[in-house]
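Each structure below is given as structure tokens.
Look at the two complexes coming up: subunit A is in both, with subunit B in one and subunit C in the other.
Moving on to the complex of A and B:
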């Protein structure tokens, strides 16, 4: 049962990633693209977690944690760059 | 693995997949950025939380140990999602203001003497209140 649910989850998250990619390419403003990248990072975390369950290993959790941190920091840095023109003053 | 536990984990995975899909669909289909901001910051975060809960249950059922990594990732995501949304909304408002040459996006009135704090300076202490000491100098 879990196998089929995992396959459904893979398909759903992959479709979501394609939609985010479409928004990233299309996005009318720069802020749209930043939002799309942030959502892509969160979806990638979900994909990593599902892959960890699929393979039955807990090896990927550190990768998920690192990706969560880097996604947050990069989004904040992007927005600060858009607001101020530089990141570190 | 018990059947009810397996069913619960499968249900969590399916529900989280649907939530993630709905979040990205909203990001793709909603008309303005302020609407689009809602979909990923709420639906997608909830979906990832569901997937992490399913992973916790899965490894608890398979290995018999409760791992804390998922809780760490969940706490981090749930703490940072509002901050991210706030930053994106603020960048959007300021870029709109800059692009339209001073014409602000149609925000509702604040109902006080001063404007929105992201655009205008903070009001002086005691301004607009009875008995406030006038600032000198």
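Moving on to the complex of A and C:
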């Protein structure tokens, strides 16, 4: 059963990533693209967890943890740049 | 052991003068002299043994893997030279005490002098030719300092630079020659090399080796065409000239000719190169010396001439000639040092050393005049002084040496050289000291204090004594040295003042009469000389140097013009050309490995990476978009690492991506947001073609590597990680244990880089750059939310969690993915979050630790781990690990490498934070807004603060 769930998960997340790519390339504004990157990070976290389950290992967990913890920092930095120009005031 | 001490003493003693100059000039000179006396005494202890024919040896292995051993040996030749260097050095130290004026920094002078003395003694006592090269270079450097001692004189600085360029350049050739010599002999130890003469002369590398070594010797010993630096080095203070050009520096080249005589001499090439150069230099320089009006200039060219004489004697290749050369080295050192010293006294007392302004000094300075005239007579080769004997020996050798089948050429040239030599020596005596006293000296001359003329007096006494009793005084030393030079091939040698009625005596008489006649008709000779051509070496040298500088500037400015595009183009183009050259010459077989199936999700990731790259290329002029694209690529690379089972790399890449994005955005704030279009169409086509070629090449290379089986060293590390390093995470064990020394170097580099960023940006915060920065207006819109509450709260909540993750990753690093480097990045990001949320000022005030101190602490901790291993008797950074049983926790494995990892961690945190914090400070200056006092714009806990909200 879990195999089917995993395959479904992989397909769904991959589709989401492709759509992120579409938004990234299409834009039109910078904010759209930054948002696309941020969503890509979220999808990547999912992908890492799925891969870990698929291979039956917890070895990749920390990578997902780091992405979850810090993935938003880049997004925030882009936003601060767009809003204030200076990232650290 | 005391042998090494003789070499080391001057180096150690070089510290003394600088310290003791505070106690006065006499104390300073006494301390310097006592160092030399001590070294000389140590040398004398060994003298009886060496004169008996023994060779004293001492030393230890230094870098045995390279064949570089700190071996010293003392034989007759070494004794002769070391005695000259230390003995005349002592006299020079006494002389300089009286020569230097109150204004000259005497401590500095003596320090340079001792450094030079140590380097020279090192050259003559080294048993290992690599060690000899080290000392050889040290003589070039320390003589540069000595010649340029009067740094306020342009002539002094230029002379020093010229000497350094010429002798240092020759030193480079010498390094190559010595390396070849060591290769041929199979050892870098002189005692071994000296016994393999036949093997070396039979080798095809003999000729290039000989040429390279001769370039080194000839530049150092000022042989034609490299002789021009020596007269320009006369801008140095006279004690320096007396020391460098009588006994030491210029004799180093001669010394090496003598040292390598058994190995290199005896062939036709040797004879025609060395003897011809020596003879030509002897005649040419003697001719020039006669017409020099500067007293020291005359002595300089006469030195070149006498060096040529010795070179000529060694070049003849016969043992008797070599013995004559050795004897002349002693004689030249004594009379030339005395002459330089008396020239210095004349200069010091009259205020000029321009010969046409001098004359008649015999009546005013009888002591100096006597000393100078005796020394000059020895230089002229007049009996019964020592110069006569060795000159007779030289003429004797020249008398029966045919050159390319011409029996008369060498004797005639030698006699001509002797004629000039007599003429300039007599001129030194007659034009300076004879004649009526004049009334127009710049200063009223009289004999100086005894300390000033005693050193030359000692030398002149030697000149007379050796001249009268050559066999009893110099005989044993000359025999021991000549034995060492010729490798024991010396026939019975005895030194006599009177050789009987030989052809040499005839040549001597001709030289004396000719020289006297030349001086008698000096006016005519001078007029003829004036009419001839005068190639000015300095102009040619300056022109050559200017051309060299222009050429290297052209190359540098072409390759290194500040445009990154050009650097990339040059690098890629050379890589493509080299790669294609290798590719075209090889067989192009497909790989034998089966290709794997593509995991569909990996295909999607590949698509995303390609999309990110496409975005970067398509929108590279919009720099913000380029940063966005780069972060997509970085994300995909991280996942790629995970997919290919490299979780350590993935963790590192994820953290580095965050820090990089923040850093790039911080910098982008100050930069134009769009890249201007500057490239022409043709250049874009060129760059495009290059990029495609390079990309296809790298892709093809990866394909070729991945489709083949290859052997790696991974297996070894995988097997050894647990038993050897005590950790299951091989990546981390490699970093902190197997390749710990590399990591140690890397964290030092990282720390230096961060400090350099700090220092460079510190410059932007001061001076004109700061004014520019303060006047700068940002080109970005500014929203009202400076420190939004949401972000502040989120980052505050994240802080302990992130720090905990950091510690967790640090601690588990040795066995699971993680380690100090990743942990350092994680903690840095946790701190950067606070800076971003609440502002630089607010966060910096709450950070109690200095980041630069953190860098230093990290390097120290890592270094201390390595030193701890040394204390335990193991090599640097050997790790130890053990298992400890802790209550409740159970078996815990502790490895010293973990402490090392803590050092890495601290350095990374310090370096990242120092760089980011410094860039943020720039932003603070440029923002023109007051630093925030509170942590956020709207702080619900302190309602009063809301009024201060900044509506900019």
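Simple rule for what comes next: the second predicted complex is superposed on the first by the 89 of 89 C-alpha atoms of A that agree within 3 Å, B and C clash if a C-alpha of one lies under 4 Å from a C-alpha of the other, contacts with A are read in each partner's own complex, and residues count from 1 in each chain.
By our rule, a residue touches a chain if its C-beta (ideal position, glycine included) is under 8 Å from a C-beta of that chain, and two chains touch if they have at least 3 such contacts.
Just so it is clear, the model here is predicted, and its values are computed rather than measured.
A.B. asks: What is the contact status of A:65 with respect to subunit B (first) and subunit C (second): first, second, both, or neither?
C.D. replies: Both: A:65 reaches subunit B and subunit C.
A.B. asks: Quick check on the superposed pair: does A:17 touch subunit B, subunit C, both, or neither? Answer first, second, both or neither.
C.D. replies: Both partners, subunit B and subunit C.
A.B. asks: Touching A:44, do we find subunit B (first), subunit C (second), both, or neither?
C.D. replies: second
A.B. asks: Looking at the overlay, what does A:32 touch: subunit B (first), subunit C (second), both, or neither?
C.D. replies: In the superposition, A:32 contacts subunit B only.
A.B. asks: Taking the superposition on A as described, I'd like to know which of subunit B and subunit C A:76 touches: first, second, both or neither.
C.D. replies: Once the two structures are laid over each other on A, A:76 reaches both partners.
A.B. asks: Taking the superposition as given, does A:4 touch the first partner, subunit B, the second, subunit C, both, or neither?
C.D. replies: first
A.B. asks: Between subunit B and subunit C, whom does A:86 touch in the aligned arrangement: first, second, both, or neither?
C.D. replies: A:86 contacts subunit C only, not subunit B.
A.B. asks: Can you list the residues of subunit A that meet both subunit B and subunit C?
C.D. replies: Residues 13, 17, 20, 30, 34, 62, 65, 69, 76, 80, 82-83, which sit in both footprints.
A.B. asks: Please output the residues of subunit A touching subunit B within their complex, sorted ascending.
C.D. replies: 1-2, 4-6, 8-9, 11-13, 15-17, 19-20, 22-23, 29-32, 34-36, 38-39, 42-43, 45-46, 49-50, 52-53, 56, 58, 61-62, 64-65, 68-69, 72, 75-76, 79-80, 82-83
A.B. asks: Show which residues of subunit C lie in contact with subunit A when the two form their complex.
C.D. replies: Per the touch definition, subunit C meets subunit A at residues 600-601, 604-605, 607-608, 611-612, 614-615, 624-625, 627-628, 631-632, 635, 638-639, 642-643, 647, 650-651, 654-655, 657-658, 661-662, 665-666, 668-669, 778-783, 785-787, 791, 798, 801-802, 805, 809, 816-818, 826, 829, 832-833, 835-836, 839-840, 916, 919-920, 923-924, 926-927, 929, 932.
A.B. asks: Quick check: in the complex, which residue numbers of subunit B touch subunit A?
C.D. replies: 6-7, 9-11, 13-14, 16-18, 20-21, 23-25, 27-28, 33, 36-37, 40, 44-45, 47-48, 51-52, 54-55, 58-59, 62-63, 67, 69-70, 72-73, 76-77, 80, 83-84, 87-88, 90-92, 94-95
A.B. asks: Which residues, counting only subunit A, touch subunit C once they are in their complex?
C.D. replies: 10, 13-14, 17-18, 20-21, 24-25, 30, 33-34, 37, 40-41, 44, 47-48, 51, 59-60, 62-63, 65-67, 69-70, 73-74, 76-78, 80-89
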